[in-house]
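Below: one structure in structure tokens.
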Amino acid sequence: MSALLDARNLGRTYRMRQGLFGRVLDIHAVDGVDLSVAPGETLGFVGESGSGKSTTGRMVLGLEPLDAGEVRFEGEPLPPTGSPAWRRQRTRMQMIFQDPLAALDRRLTIGVQVREPLDIHDIGAREERDERALSLLSLVGLSPVHAARYPHELSGGQRQRAVIARALATEPRLLVCDEPVSALDVSIQAQVVTLLQKLQDNLGIGMLFISHDLRVVRQISHRIAVIYLGRIVEEGTAEDLFQAPLHPYTQALVAASPEPGRGKIRRQPLQGDPPNPADRPSGCAFHPRCPVAEARCRDSLPSLTPVDGTRRVACHLVSRQ
Amino acid sequence: MLRFLSLRLGRAALTIVLVVTFAFVVLRLSGDPAMLIMGAEASPEAIAAFRASWGLDEPIWVQYFAYFGALAQGDLGMSMRDGRPALDMVLDRVPATLALTVPALLIKIGLGIPAGIYAALHRDSAIDRAVMVLAIAGFTVPSFVLSLLLVLLFAVKLGWLPSGGNQTLLHAVLPVLTLGIGGAAILARFTRSAMLEVLNQPYVRTASAKGVPWRRVVVGHVLPNAMIPTVTIIGFMVGNLIAGAVVVESVFSWPGIGRMLVTAVANRDLAVVQTILLLVAATMVAANLIVDLLYGVLDPRLRQAPAARGGH
Amino acid sequence: MKDTPISPDQMSESTEASHPAGSFRPSRPPVPLAVWLAGGWVVAMVLVALLADILAPYGITALDLRNRLAPPGTPGHWLGTDELGRDVLSRLIVSIRVSLLIAFGAAVLSAVLGTTLGFLAAHFRGVVEQIVLMLADFQAALPFLILALAVLAFFGNSLVLFVCLMGLLGWERYARIARGLALSSSGQGYAAAVRQLGASPARVYFRHILPNTASTLIVSMTIVFPEIILMESGLSFLGLGVQPPQTSLGSMVGYGREYLTTAPWIMLAPAITIILTTLAVSLLGDWLRDRLDPTLR
């Protein structure tokens, strides 16, 4: 495999005690997820809140324990979380957070924080690190003036740029972006996405881009995986997925996201309750909301099966076609 | 509710075990417990009997459990000075201490809570400011200074009241006042801030905006909710009924537990100190337990979510 | 006592609006006079403690047998003398040094101990956390005076032991606060972000979490400090704290109590010093709390 990141059969289970007298319940937040990211490729990871997409993102970074499965990065399994080897590996894989204000230390200037990964990993001569921090800032479109500012003195978009600069400081090969623009103003979102896209083109970074917003994902992703209640329901190239979504859930998502130039196609809003991981339906988890569900969808879980070369779908009705 | 109860009971038991363990550990660390508990002048037979009954030749963990067993039977050792069982000596003193602390508690509650409520309802009035000043004084003037000032005024200058001893009822006035004033100030400050917090809750403002008579809002919503945190501090004061008068008893030569403790510490009469320590801990834990149960009654939501507070 | 509920999400950091560069800063109210006075008093006390050797006109044990029980205002003895003819002013000055030294040492000890245990609890969770919380419960369940008396009874008294003992006062409050703050900042936000950069736990705690929690911890310190002064002076008053020939504010009051009728000034001078000092620190603490950390009560 030439994949940068290769995750197989990931599983994460939370135990929850229900009510006073404690019926213990296992919640499968992530269940049997496979994904891989090649160098220079962006995999979009789409799902509603509670679908397990963020948990998956944290698992591939080793920030969250694996209850099942395996993550390989550059062909090697991840070292134990918190170990020196794991800490060193942070230079190779980095994360962009949803809320840049929370991700920054409000008592330190932007410059100090962008420089911090170099200090942590002792990269380069001390005197040159400030220089490097400034060049990172200019790389993400911030000026040297911002280096002396504190996080609360910047706008939301500027803060996210600073977080991106910090993540890029050690020249990582993989970037996991967890809802990187959803906390930003809509007008700023496109700028940041464009920035990420440009950086990826120039630096050849592999990217896992997690979002609930199909429009944003489409703009940046080469391939897209759709996740519903902890399981991938459809995966394919961005083009295929948008032109001809196969899974009923993907179809609903695509229909619900307006697209410039295509006009409003018939919107069929998702009916039924939003997914609740604590109360996972039997069989295909989507069946209570599925417009075309059949009896067997209630009983048996469809597996993710290849449809053609690049495409995989987990739906009884699609497999039959 | 059952779970809530057993959880609280478990915590209370755990605290008692910890206090006993603490007593056991410091006792072992500070020397031969037989000599320490029995006293240097105890007869060799008595020491041998003590060793046997407390199992001092056994391994340490056996001793540890034996220690619990002895305590459970009320065997807390002999006083080094009087040669009497420490437990009897201490229990003899309990009424004298309660004679000070119970009236003082009534003063604290009777004075402190109304003052705090009044101050909160008339915020920034002259009385509110006076209550705040007194409340700060109640915290910053230590009880030994307050008692000496009271003695200076009422006993030395005015000659109205005796300065020490316990012969008559009049002798109790100054110590009770000292304890009561300080506690009332603390309680007033606490009640005031609890009241203000509830008064600022949206539902209170909503209720008064909807035209519910202010009196009804205060009596029906504000007071019950403000009393919940106040109960905690009263519980602490109740738990302190045994231990709260150490300094005041010493100043006024009042023959209670506190003065006995100070004397015992000065003489290193360990059996007595240990007995008082356990008695105080037991009182404290019992009071905390009652407070927890009261919480459950006052605020049913706490039974399920211990962190929840506030609005409806 | 109950856990003080400090809800971490109320901390100010997350509520700051995203204003463009520094355009909005809330105007700060002027510092009230009482706070100035309190600050002045604290500074004066610290200076007195530092310069005690220069300021004290006499040694604390120097006897002036011709001037025994001299009232305040006597030339050469502006605050009077005691029954042995020792200068009250000199003893007061040295007492301030001793009491402040003990209180300061104990306050630092308690803050370091509590914060460290709180961070350890937050970092390791599980058994370590349970043990720390259990110890905190234990400490909160026993009146500190009783605990201190028991330790003094079992181990006797020395200045070092006494300072260490006072250093146990209030540690459980720092521990609870530090644990709460560490948990809230490591679950998400900057601490998780820095950990994710590959920083060692020591770096995360000391370079990021500690500075971010410092204001809360300092405010707690101003609350604990007066309690330590009161506890120290109370124990010394009872004759169980600082031992003669050394002197502290509390032991001076205890000594002066014997001469309440004939020479009240012996007791009044240190008593007033205790009251003003605790009052000043409490006022400063209240003001700091309002300024730095409105969520702490």
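Which chain is which? They are A, B and C, in the order written, and residues in each are numbered from 1.
Operating definition for what follows: a residue touches a chain if its C-beta (ideal position, glycine included) is under 8 Å from a C-beta of that chain, and two chains touch if they have at least 3 such contacts.
Note that this is a predicted model, so its numbers are computed, not measured.
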Taking the mean of all protein CA atoms as the centre, name the chain whose own CA mean is closest to it. C
Determine, using the mean of C-alpha atoms as each chain's centre, which chain is farthest from chain B. A
Could you give the separation in Å between the centres of chain B and chain C, each centre being the mean of its C-alpha atoms? 22
Here the gap between chain A and chain C, centre to centre from mean Cα coordinates and rounded to Å, is 49
Cα centroid separation, chain A vs chain B, in Å, comes to 56
In the complex, chain B residues that touch chain C: 11, 14-15, 18-19, 22-23, 26-27, 29-30, 136, 139-145, 148-149, 151-152, 156, 193, 232, 236, 240, 243-244, 246-247, 250-251, 261-262, 264-266, 268-270, 273-274, 276-277, 280-281, 284-285, 288, 306-307, 309
Where on chain C is chain A touching in the complex? 13-14, 16, 18-22, 188-190, 192-194, 196-201, 203, 208, 211-212
Would you pull the chain A residues touching chain C in the complex into a rising list? 61, 63, 82, 87-91, 94-95, 97, 99, 101-107, 116-117, 120-121, 149, 152-156, 159, 163, 166
Contact set on chain C toward chain B in their complex: 1-3, 5, 134-135, 137-138, 141-143, 145-147, 149-156, 226, 230, 233-234, 237-240, 250, 253-254, 257, 260-261, 264, 267, 271, 274-275, 278-279, 282, 297
